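These are the structures, in structure tokens.
Next come two complexes, and both contain subunit A; in the first it sits with subunit B, in the second with subunit C.
Take a look at the complex of A and B:
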């Protein structure tokens, strides 16, 4: 009953676009081997700078690689980096923020000043330095982005946790014998989601863009297809008339980000509904 | 059960809230509970009455083991609260339950009725069946229980929420139930229902009840014994009926005269025994003195202590509190 209803709401006109967009990207990511017609980074699979055609539906770049295949494999990179880094950030934010807000005092002070520190430094420069030191591969990119994703989420989780811990239902839980850990995870956490989910989704989309940015700058994984890398190649061929190299990966990137933000709105409305 | 002890005994209980500056210097001290002693017997309905700011909610939270006290001692069945909470926390929680004022904030909005109700039973390892849960809901007048059990809190009215909360509190079979203004946030029509529900549960189960209230009328209807609290201190303790019908302390008198009379003939200004302006808490002397119309010179100089004026009746007042033998 409930599942059917949820499915119907998920596929309502309002959600149909972002859901199907993300579904396509997800299918690309999971089944890249079966969908992509060519190995994405292999050169000379077609003529150089061929416009969209039957054999290359998104055209080719200046070394004769298939752009559609790069977009498909790039989805895998984008989702992997976005989700991994987002989840790392979320995990750190929850484990720090929930406790900082609930217990307060010196621990809280320490965590919040660290957050301020992280928010005040130019993170991108640090990421570049770390990538140069540890070497650029897709796992390192995901980890490093994750390690810089927690501060803002932590601040939000902490402020929620702080205000929720004063609520009477927390005192009520203590009165029936709930321990601190039970209160934090059973009473506070479920009420923190509505505030954190939009930020979590924003972090994912931000990190997808960041990965593309790094790849665009040539700091990405040299052995992995990425939307940013395709865009970088195409940007050099743009004056040779290659509009397709910019348009298709750019469009997929943009639509993916928009879809993520729309879905986050929907998730919040789902979590904060107070009537059916 | 150790019958030789009263269920609850408080001796010179104190709770001060201190506001400190960044450097840890105390700026302001609020004496929420200041040197309060009393005892509550088994199967007794004990009331604490006072206006907002009198410290009654703080006292309720201390009694419920949700707040530490600074000084003095508090015993449950002859054992110190602090020891009980340390050694047998779960046992203590089973014995003492509390109902809060605002049923809209005391129930987690993200838990269904069923989850809310199950939690204490699971927490204390009490086995239960679905029909047990339904019985609990029925016993507080929530029906159809079957349907209500699957609801979310926002699908319940204020009165239903308070019933649900009471249901959870009594599901652990407490010996002491503290009710912190359980009806003051509810519609007038619902108040009587909730109070009579509590009364019925009291009759059925025979636990002791501490009712916190600001309304003398409620106190008179519900309670056996009442303590009148003013700015952290008890100013009068006695049988609820006696205090309501013939209050001795000027503050008790003020509270009794403030109750609404079901007489539309009374209009305009009610004759309250109170000076016009409210004074601040005096550094010396009686706390109520700035508001008191009976005050004499001594009241400004010396703080009156609670003295027994007759059997089971104590008053802290220099003027009115003299023994009427």
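Take a look at the complex of A and C:
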């Protein structure tokens, strides 16, 4: 019942565009082997710098690789990095934020000051430092992005946990003798989701942009297709007039980000409306 | 007044703590790195003699806590190592590039803040109308735009198809005369500044709109409406003045992200700032320069946070009361 209602809300006219865009990217990511017409990074599968044609619908780059195939496989990289790093961040945020908000006092102080510190260091530059020193591959990128994704989410989880821990139903659970761990996971956690999920989606979209940006700068994985890597190749073929290498991968990237942010924005507006 | 001095002092202390924390982080990154930490301090292209020299200067025969102290001492004295790529001391190389970054960033921020506040105020006065929804949609779109893709598209359209602006650089070679030089730099700034300000603007617009909607429903606005003041005057004079403060506060705290945007934008437009220097340092595995830029961005970020905090407390009695008590 509840599930059905949620599904209907998600598929309201306003959300048709972002939901279907994300569905396309997800299908690309899962079925890349079947959708991509060529191996993404194989050179010379077509002529060099061919504009979009029947054989290469998004054209080819300067080493004769198929750009559409790179976009398809790039979806996999983007979603893998976005989801992995988002989930790492969420896991850290939940385990720190729930307890900090529930117990308060010194633990809370310590965790929140650490959040402040993380929010005041220039994270993107720091990630570049770490990737240069520890080597850049897709797993490292996902891990590093994950390790920098928790501060904002922790702040939100903590403030929710703090205000929920003072509610009557928590007092009731305490009165019937439930242990703190039980209260945190059974009473508080389910009520934290609505506030965290929009931010979680923003985190994923931010991390997808960061991954593509790092790949663009050459700090990505040279052996994995990525939207940023394709854009970097194309930006070097600018003067040969390769607009297709810039337009298509960038459009897919941007539409994915817009879709994630639109849905996140929509969830926030749902939330504030029910609060009023 | 005494309270205010204590407040300023506390904030300054917090800023310094962040910088010290970043210095500590750098030390641990250098020492946890695979391979010889001396190479991290000297750069991959350094000669064996120079690495030996570094090992001696940073006390590699001493225990780690003593090495930490030596490292911090070097940083504090301004000895941030020698950049083999730039052929200059790291700090000197960074300080040479910093003004170009600040010029680009501050111009883009100023335009973004002015436009964002103006559009936010206009849309808030027609909140929940179709126009508002449209602006909101467009601003979310720009908010979502990866800055570097916007930059590439602008070059594609306005430098390659319509050759109106240069594809990169800061000034053409052989320009004579002060006025011509300034004009030439401005001409080079158009595309990168457009990129950055469009993207920064979105968040200011959204915040201004949000705050303005709150302010517009407060009692003093109803009084102004009852007095029969023109709508424009109410919005831009009475309400906006009260909505400005959180927006400007955000400018200070956003500086870290602003610098991140600079790395990609500067690289694409070959703007000779700190961001493009970082990428060159990365390409040449010039570790001291990479770490030096990390520390410098932290310094710039925490100082701008500090200035924003103090300004806010000085300007707004409400914030003053909240922060200082």
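We adopt the following convention: the second predicted complex is superposed on the first by the 254 of 276 C-alpha atoms of A that agree within 3 Å, B and C clash if a C-alpha of one lies under 4 Å from a C-alpha of the other, contacts with A are read in each partner's own complex, and residues count from 1 in each chain.
One rule holds in what follows: contacts are C-beta pairs under 8 Å (C-beta built on N, C-alpha and C of every residue); 3 or more make two chains touch, one makes a residue touch a chain.
Model, not experiment: these values are computed from the prediction.
Q: On subunit A, do subunit B and subunit C fit together or clash when superposed?
A: fit
Q: For A:124 in the superposed arrangement: first (subunit B), second (subunit C), both or neither?
A: Second partner only, subunit C.
Q: Of subunit B and subunit C, which one touches more residues of subunit A?
A: After superposition, C is the partner touching more of subunit A.
Q: Is A:185 in contact with subunit B, with subunit C, with both, or with neither (first, second, both, neither)?
A: neither
Q: What is the contact status of A:254 with respect to subunit B (first) and subunit C (second): first, second, both, or neither?
A: second
Q: If we overlay the two complexes on their shared chain A, which of subunit B and subunit C does A:17 touch? Say first, second, both or neither.
A: Touch status of A:17: no partner.
Q: Name the contact category of A:176: first (subunit B only), second (subunit C only), both, or neither.
A: Touch partner of A:176: subunit B, not subunit C.
Q: Examine A:31 and indicate which partner it touches, taking first as subunit B and second as subunit C; both and neither are also allowed.
A: A:31 sits against neither subunit B nor subunit C.
Q: In the overlaid three-chain picture, which partner chain does A:212 touch, first (subunit B) or second (subunit C), both, or neither?
A: second
Q: Please work out how little space separates the C-alpha atoms of subunit B and subunit C at their nearest point after superposition, in whole Å.
A: It comes out at 13 Å between the closest C-alpha atoms.
Q: Please report the subunit A residues shared by its interface with subunit B and its interface with subunit C.
A: After superposing on chain A, no subunit A residue contacts both subunit B and subunit C.
Q: Show which residues of subunit B lie in contact with subunit A when the two form their complex.
A: Residues 61, 64-66, 89-90, 93-94, 96-98, 100-102, 105-111, 119-120, 123-124, 154-155, 165, 168-169, 172 of subunit B touch subunit A in their complex.
Q: Would you pull the subunit C residues touching subunit A in the complex into a rising list?
A: Those in contact with subunit A are residues 18, 21-22, 25-26, 29, 33-34, 40, 140-141, 143-146, 148-149, 152-153, 155-156, 160, 167, 256-257, 259-260, 263-264, 267-268, 278-279, 282-283, 285, 287, 290-291, 293-294, 297-298, 301-302, 305.
Q: If you look only at subunit A, which of its residues touch subunit B in the complex?
A: That would be residues 167-169, 171-178, 182, 186-187, 190-191, 274-276 of subunit A.
Q: Show me the residue ranges of subunit A that touch subunit C in the complex, using the header's touch definition.
A: Its residues touching subunit C are 117, 120-126, 128-130, 132-134, 205, 209, 212-213, 216-219, 231, 234-235, 238-239, 241, 243, 246-247, 250, 253-254, 257-258, 260-262, 265.
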